[in-house]
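Presented sequentially are two complexes of subunit A, the first with subunit B as partner and the second with subunit C.
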Partner chain A sequence: MRKLKELVIERSLLLSALITIAVTVGIVLVLSIEAVNFFSEVSIIDFITDPEWTPLFSDKHFGILPLLSGTLLTSFIAIAFAVPVGLSISIYLSEYAPKSFRRTIKPLLELLAAVPTVVYGFFALMVVTPFLQSFIPGMSSFNSLSAGLVMGIMIIPYISSLSEDALHAVPNSLREAAYGMGSTRLQNSFRVMVPAASSGIIVSIILAISRAIGETMIVAIAAGQQPRLTFDPTVPVETITAYIVQVSLGDVQHDSLEYKTIFAAGITLFVFTFLLNTISYRIRKKFQEKYE
Partner chain B sequence: MNNIRKNRLKDQAFKIWGIFCTLLGLVLLAVFIGNILVDGIMRIDWEFVMNLPSRKPEKAGIYTALMGSIWVLLLTTLIALPVGIAAAIYLEEYSKKNKLSTILEVNISNLAGVPSIIYGLLGLEVFVRILEMGASVLAGSFTLALLILPIVIVSTREALKAVPKSIRDASFAMGASKWQTVYHQLLPASFGGILTGIILALSRAVGETAPLIVIGALAYVPFAPSSAMDEFSVLPIQIFNWITRPQHGFVENAAAAIIILLLITFVMNGIAVYFRNKWQKKFK
Partner chain C sequence: MSKDKKESVIESSIKRKYKLQANDVKVWYGDFMAIKGISMDIKPNKVTAFIGPSGCGKSTFLRLFNRMNDYVDGFKMEGEINIDGSNINDKDINVELLRKQVGMVFQKPNPFPKSIFENVAYGLKIQGLKDKAFLEERVESSLKQVALWNEVKDDLNKSALALSGGQQQRLCIARTLAVEPSIILMDEPTSALDPISTAKIEELIYKLKDKYTIVIVTHNMQQASRISDNTAFFYLGELIEYDKTNKIFTNPEKEQTENYITGRFG
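Then we have the complex of A and B:
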């Protein structure tokens, strides 16, 4: 009796764990079935090469490039801001700061990642954009610079926390050896610690990129809804995620081509983040073996 | 000697830069919260919380959105909690190191990185359309439950991992079965850690906007939901809607609603940190 009960429990626990696989299979199936439907009506060559994305207009074009450039532009700005700042924070906290300071500041920094993204969107649109406009005349009230910078603030803790963990995991003997050779904290940090923790730091940056690419509300609110192939950070653009939101807000018929476009856009997004996540997972696994 | 002084100077310069960077994010957050408070605090009163949405900004309130958020949060907890904890127990206590466990592990780490809007697309197709739930509270809760599942699993595993092996050994030595050990020893011992993870996951869920917009949650709902099959709105969607309106009155409303949303998020995070600190001391 008891054995049977144990077996039933184990099987139901296993079932719960298998649900996570079902979720992944579900995501892949849903995205690819709708995307296949989409590509039966729109040629995949057009999708990749057409420089215009106007599925909601009467003159329809289905080129993903403008959405992709919007996504990459906002993400690039966010990363260009968050990586130097986040990395400096992690080095400062791990190699310079007193322990007590680190303990209080880390949860506070993580609060930055806990703020709902719709709130950051408000911040970008109402505070950062007017502020930037006073320096950059002619800047549109929707632009990728403001959205990207605010997104950068949001992902700072992703980089600083994970990199700090990686720096912290470097064996103390390396640190002692560097100091024994007479190096300053700065030399120790950049010539010994950062190279030793490089895989962990790279993982944190990849995860931050993946976060930035998938971020939705900040760009939907502050970057605009005009898909265009540009790298000018002062004009409105549209990201893949913002397009999905735009369509979802409207009254689009199920089974219409417009409806299928959000799945085609979704699968593009999914492929990018999936690749980034897989790369970071591989590096993380390798990195763990190094120290075990 | 010159070289040494130069190096020391650089070292000091980086220290100052490091402090600057560390405070930069926090100062920006403070500026931002101050800004929101100035914009919105005057708008918050009992009527703002209890009023239904309206075309006129001065009459509009957050009642339906707040009730929607509470409904979604409760249902999401009910769905994600048992599944997440069960999956974590399986991975941490039962599974052997084989192909299946590797696949499960890679998969969960991947799910944690899937953008939230993709979960929205999954929910739209599976819950709203195939299972015919419509844009209901239930469909929204299922979608968010899947979204926070990886977070619940990962944090529960961490909590179980922190329970010393001696407790498992002692329990087995007393003749307890595996499940008895889990149920009577490990779960109570890791309760604080599990709770921390769940509160953090829920604080993420309460701020989620994009997946709920995708499944079709509405910006304007005349009444608060009274069952799981009703249409709904949530606080972040209400905020988003107000931000996109041109009249200035709605900006004030958005700021006021943001204050309430931030309050909820920060209180949840505070409780989580409190539990974490209290519970970490237990095994030390």
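Then we have the complex of A and C:
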């Protein structure tokens, strides 16, 4: 009887593990099959080099570059904002702040990641954009700067919290060594702690990048839905994710070429996030070896 | 590099007769009284050993001389610590400068996860010294002082973490020597090392006392008797006896000291 119970438990655990794997494999398969269908009709060279993305127009162009530039531009703005802010927060919390303050602030910061992204999207559109427009005349109501900045706020906790964990995990003996040598707090932070925690910090940044690249709601609401190959942050753009939403929710006929474009766009996105995750996995593994 | 800075570093190397002095020092961690009023003079250019059972306050007391307790939660202190007549807890004392004068070697070797060269050059670099030839010369002379130069001279760019424990500890001593402090505090520097590495470090300490005032906390009584000139016995936050090492180990005044060194407790 007991053996049977053990067996049932073991099998059900195995089953849940298999389900997650099956779902992942299924997603990759569907993406790949539909993407292959798409590329049998559209040449992959056009896909990569055509500077226009107009699958829904009568004059169809299938160049991913405008969507990719939209994604990269908003993500870059988000990262450029979130890395310095997030790192400063993590260094402050780990090396300067009193313990009690750290204990209160850290969970509060992590709340930022719990705000629904649709709220962020409207915050960008209704608050940040009008605010930016008062400085930047001629800025469009939909633009990548506002969407990028708000996305930056959203990913701050990814960087601050994970980097703080990494800094906090640096053995106290190194802190003592640094202070014992006559380091100031600043020297201790930047010459000893940050380099010692660098792998963890890099992983946190990569995770934040992949979060930014995959983010949908904020950019769909605040960045506009106009595929445009540009690096001007004041004009409307469209990201890969926003395009997928637009088509999925629109009245495009299933199985049409227009519909298949979302799988081509999806697989492009997948390749990027997959690469980033692989890099962060590698770095984490190297990091573990170093400290064991 | 500014010439002034280089000179100020060199100047600090001129041998000064640093004298450490504690006046009725009391320390609390929260409500716990760790040091219960200790006064003592530590002689320059000698090795002074602090011995006593765990929790007797010897490490806490040692760390007062470079103010390493400042970061400990709930730390509170009364009394005076004077180095060469000036109170190191005065408001206008620059604690970073103090720690350059009073170097410290810790219980567990704690090299930075940087190259051997960067480890030894660290203290000079944070003072703003950038002259490469000067740094190289100082790294070499520091490593030679700890007898590590021959072992690592071809791998100066290798990570310090690749060294053995004993080598790491000698590297940490070299790192401390590179900024030419006057006083070196050692907090059980050999407790994490094997006997051969321990012997090397002891030999090194013996040589260093010509140039430096050394205060060493140790659990190992043979070590205290081998390398120190004076020994202080601490018990439960009090200084029980402080005298010439020879006297402490052969003919102590106090019964508690005798009980401890003969291994009856501790």
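Annotations
The rule is simple: the second predicted complex is superposed on the first by the 291 of 292 C-alpha atoms of A that agree within 3 Å, B and C clash if a C-alpha of one lies under 4 Å from a C-alpha of the other, contacts with A are read in each partner's own complex, and residues count from 1 in each chain.
We adopt the following convention: a residue touches a chain if its C-beta (ideal position, glycine included) is under 8 Å from a C-beta of that chain, and two chains touch if they have at least 3 such contacts.
Every value quoted in this text rests on a predicted model; they were computed, and no experiment measured them.
In the superposition on chain A, no contact is made by A:Ala80 with either subunit B or subunit C. Taking subunit A as the reference, the larger set of touched residues comes from B, when subunit B and subunit C are compared. Judged by the touch definition given at the top, the superposed model places A:Gln187 against both subunit B and subunit C. Of the two partner chains, subunit C is the only one that A:Lys99 touches; subunit B does not reach it. In the superposed pair of complexes, A:Glu176 makes contact with subunit C only, with no contact to subunit B.
In the superposition on chain A, A:Val30 makes contact with subunit B only, not with subunit C. Look at A:Pro195: by the touch rule set out above, it reaches subunit C but stays clear of subunit B. By the touch criterion defined above, A:Ile44 lies against neither subunit B nor subunit C after alignment on the C-alpha atoms of chain A. Overlap of the subunit B and subunit C interfaces on subunit A: residues 184, 187.
On the side of subunit C, the complex with subunit A involves touching residues 66, 68, 71, 73, 96-100, 103-104, 106, 108, 110-114, 122-123, 125-127, 161, 172, 175-176, 179.
Chain contact summary for the complex, subunit A toward subunit B: residues 2, 5-6, 9-10, 12-21, 23-24, 26-27, 30-31, 34, 84-86, 88-89, 91-93, 96-97, 105, 107-109, 111-112, 114-119, 121-123, 125-127, 153, 156-157, 184-187, 189, 207, 210, 213-217, 220-221, 241, 244-245, 248-249, 254, 262-263, 266, 269-270, 273-274, 276-278, 280-281. In the complex of the two chains, the subunit A residues touching subunit C come out as 99, 171, 173-184, 187, 191-192, 195-196, 290. Contact residues of subunit B toward subunit A in the complex are 7-8, 10-11, 14-15, 17-19, 21-22, 24-26, 28-29, 31-32, 35-36, 39, 82-84, 86-87, 89-91, 94-95, 103-104, 106-111, 113-122, 124-126, 129, 146, 149-150, 153, 177-179, 200, 203-204, 206-210, 213-214, 216, 219, 236, 239-240, 243-244, 251, 254-255, 258, 261-262, 265-266, 269, 273.
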